[in-house]
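Okay, so chain A shows up in both of these, paired with chain B first and chain C after.
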Partner chain A sequence: MTDDKDVLRDVWFGRIPTCFTLYQDEITEREAEPYYLLLPRVSYLTLVTDKVKKHFQKVMRQEDISEIWFEYEGTPLKWHYPIGLLFDLLASSSALPWNITVHFKSFPEKDLLHCPSKDVIEAHFMSCVKEADALKHKSQVINEMQKKDHKQLWMGLQNDRFDQFWAINRKLMEYPAEENGFRYIPFRIYQTTTERPFIQKLFRPVSTDGQLHTLGDLLKEVCPSAVAPEEMWFTWVMPKSDVLMFYLSYC
Partner chain B sequence: MEEDEFFGEKTFQHYCAEFIKHSQKIGDGWEWRASKDCSDGYMCKTHFQVKNGTAMSHQGTSAHVQTFLPVEEAVDPPLDDFEVTETTTAAEVIKYEYHVLYSCSYQVPVLYFRASFLDGRPLALKDIWEGVHECYKMRLLQGPWDTITQQEHPILGQPFFVLHPCKTSEFLIPVLKNSRKINRNVNYITSWLSMVGPAVGLNLPLSYATAASQEEGNVSGQGKKRSLHSTFPVAEILGLFCIWLCPPCWTQHFLSLLSPLTGH
Partner chain C sequence: MAEEQESTLLLPPSTAPEAEVPAEVSPETATPEPPSSAAVSPGTEEPVGDTKKKIDILLKAVGDTPIMKTKKWAVERTRTIQGLIDFIKKFLKLVASEQLFIYVNQSFAPSPDQEVGTLYECFGSDGKLVLHYCKSQAWG
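Coming up: the complex of A and B.
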């Protein structure tokens, strides 16, 4: 695990240069300038855009403001997806900066979850971590942790504190010496070409005859349509900081 | 992928199929929807309800009242059994959709639901709370974010409300354990849905409980006939009653108390 520390840091500190522009039909008292921000790949839009919100609300009247939401080229952005996932899925072939449009009206109820507070983001994040641990350790590790450990995971993410986060997350990434890996690999495969939001299935890291499975084995098994590597697909592992670890361990 | 828990995906699909068979017999409106790639699917039901409606009872359903009104756009089942008491404006009629999916992470069924007015406006979580029976409110209010949350439907990709699955096995495992000990058929979906459904306005007619015990081709592989006495689903019927009377957290306790009665 210590060998991969550099990789873990690179994943954690990944950033996407983004330009936020107010939607043209929003009512403003004066011109709204675009707002530039480096977004952390491993975080969530509604967690890191307080400054964006404040910037645009300065030129709007209170009565014209309701829940903020973001859109890229007409597609509402799901705040509950990690930022890096959204970018890779929708905008990775476009030139930087990533151009996101900001809305304060007409919340798309059929497409987006509401995000009334930071507590909702925390609950969502923790539920992802718990689900991943259900797959990795039958929830034993996450359930044995105290509430303060759970809180530390969240605070680490919220405050961009790598060491604080990994002090707890490393326990979630361990497995007993006699096992060859986790019980099941927590993964989701996102594709733009499918109606289904993601593919998630049970997949063991080791085959019945003791061979370590590769990423290719996983893809062949759960996503056989993605035959050629040039096809547009993206693999994202829960929790997000496992992605590069996964690639390096199994390819 | 082996299914080493009580409740693998194949078992889930089997119990759903049995459940739907009975639903079709009594016109309860449940159906199976396969995902586009057909690798999996879910069970779903739509019903319409008047918000803050007047009390009306229907034979065979729970003691708690629900008001159904035949509206022009009503989908199956046909509501011929209900009296028309009064007409109401479209804004007061709420469409509820219930979806039962399988969580491979927790290896339990999960209840997804959403509600909207007929003009498409969705109900917010706080509006859903108002529809929750008093009996459940206290327990659910203690930690709404832990129990009912808005989440993305894993097959449709749209926002739904979800009853959190990680607590499901706590109250379901005793039911399964008891039934296996006495070698009796239990439709896991019937038991589970009868426990969690009422908290969010979904009730099951009693006939589901008796149907579960009479089904053939059971999972345990036993095909022998049994006397009426031993098939009487005490646990399920009492389970259904205690749902109507007690919060879900009491149900597990109540069902474990029943084990001497079920004779294991």
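Coming up: the complex of A and C.
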């Protein structure tokens, strides 16, 4: 784990330069300037955009404001997907900054979950962590932790505190010496070429004859329709807590 | 007819009318081959598994949440957790504003847009996915 510290830091501190523009049909009392922000790849839109919200609400009347939501080129952005995943899936081939449109009306019920408070984001995040640990350790590690440890994981993410986060997360990344890895690898594969939300299946890190599985083995097994490896690229999006999320994109 | 009522229950939210919940649905009286449009049907002899469209779900109540008369259901893989929540709420005659939480492994609450098929693949055992449901947050 210590060898990977540089990689972990690079992933954690990844940023996407973003330009937020208010939707043209929103009613404003004066012109709304765009708002620029560096978004953390590992976080969630509704967790890091308080300043964006305040900026635009300053030029709007209270009665014209309801729940904020974000859209990129007509696609509502799911706040419960990590920011880096959203960008890589939808906008990675476009020039920077990432241009996101901000809405305060007409919430798209069919496309987005509501996010009435930070508690909802925390609950979603912790559920992901628990689901990942169910796969890695049959939930033993996460269940043995105290409530304050869970809280520390969340606060680490919320406050962008790498050390605070990994002090707890490292325990979720350990496995007994006699094993060669987790029980199952927690992963999700997102593809731009399909309507399916993502691929998630059981996959052991070690084969029956003791060979360590590679990423290529995983892809061959769960995503056989993918074209030859040299024709696709993928990004491993942060083992946030260990839902290893990576997605494929076809060149 | 019970089947038709089950079908209308399972239309996507945008088109679903306020449907009647079947008064009595039980495995014993269910027909052998439910219509393919019914995304949720009582668990019967319909084969479930990898290549089949439906998976078996066993619903267990937590705390003082009302217990469903029919606990075992065959559900289409692409049905979401939100769809299942809506279905259980209608079946238990809960009002729309009442919350319902669903848990896997008595440990995590999957996202409302998660598909039951994926959960079955990863967390099913003995040919079924056990889900606990509760009107309050049971496992945080």
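By our rule, the second predicted complex is superposed on the first by the 229 of 251 C-alpha atoms of A that agree within 3 Å, B and C clash if a C-alpha of one lies under 4 Å from a C-alpha of the other, contacts with A are read in each partner's own complex, and residues count from 1 in each chain.
Heads up, the rule we're going with is that contacts are C-beta pairs under 8 Å (C-beta built on N, C-alpha and C of every residue); 3 or more make two chains touch, one makes a residue touch a chain.
Predicted model, so just to flag it, every value in this text is computed and none were measured.
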| item | value |
| --- | --- |
| Room on chain A for both chain B and chain C (clash or fit) | clash |
| Touched partner set for A:28, first chain B, second chain C, both or neither | neither |
| Which of chain B and chain C A:110 touches, first, second, both or neither | both |
| First, second, both or neither for A:131, with chain B first and chain C second | both |
| Chain B versus chain C, judged by how many residues of chain A each one touches | B |
| Touched partner set for A:120, first chain B, second chain C, both or neither | first |
| Touching partner for A:80 - first (chain B), second (chain C), both, neither | both |
| Contacts of A:139 with chain B and chain C, given as first, second, both or neither | both |
| A:200 touches, of chain B and chain C: first, second, both or neither? | both |
| Residues on chain A lying within both footprints (that of chain B and that of chain C) | 80, 109-110, 113, 123-124, 127, 130-131, 134-135, 139, 197-198, 200-202 |
| In the complex with chain A, residue positions of chain B that touch it | 1, 35-37, 104-106, 121-122, 124-125, 145-146, 149-152, 154-155, 157-159, 164, 166 |
| Complex interface listing, chain C residues touching chain A | 13-14, 104-105, 107-115, 118, 121-123, 140 |
| Chain A residues within the chain B interface of the complex | 78, 80, 109-114, 119-120, 123-124, 127, 130-131, 134-135, 139, 186, 194-198, 200-204 |
| Residue ranges of chain A touching chain C (in the complex, touch as defined) | 80, 109-110, 113, 123-124, 126-127, 130-131, 134-135, 139, 142-143, 150, 184, 197-198, 200-202 |
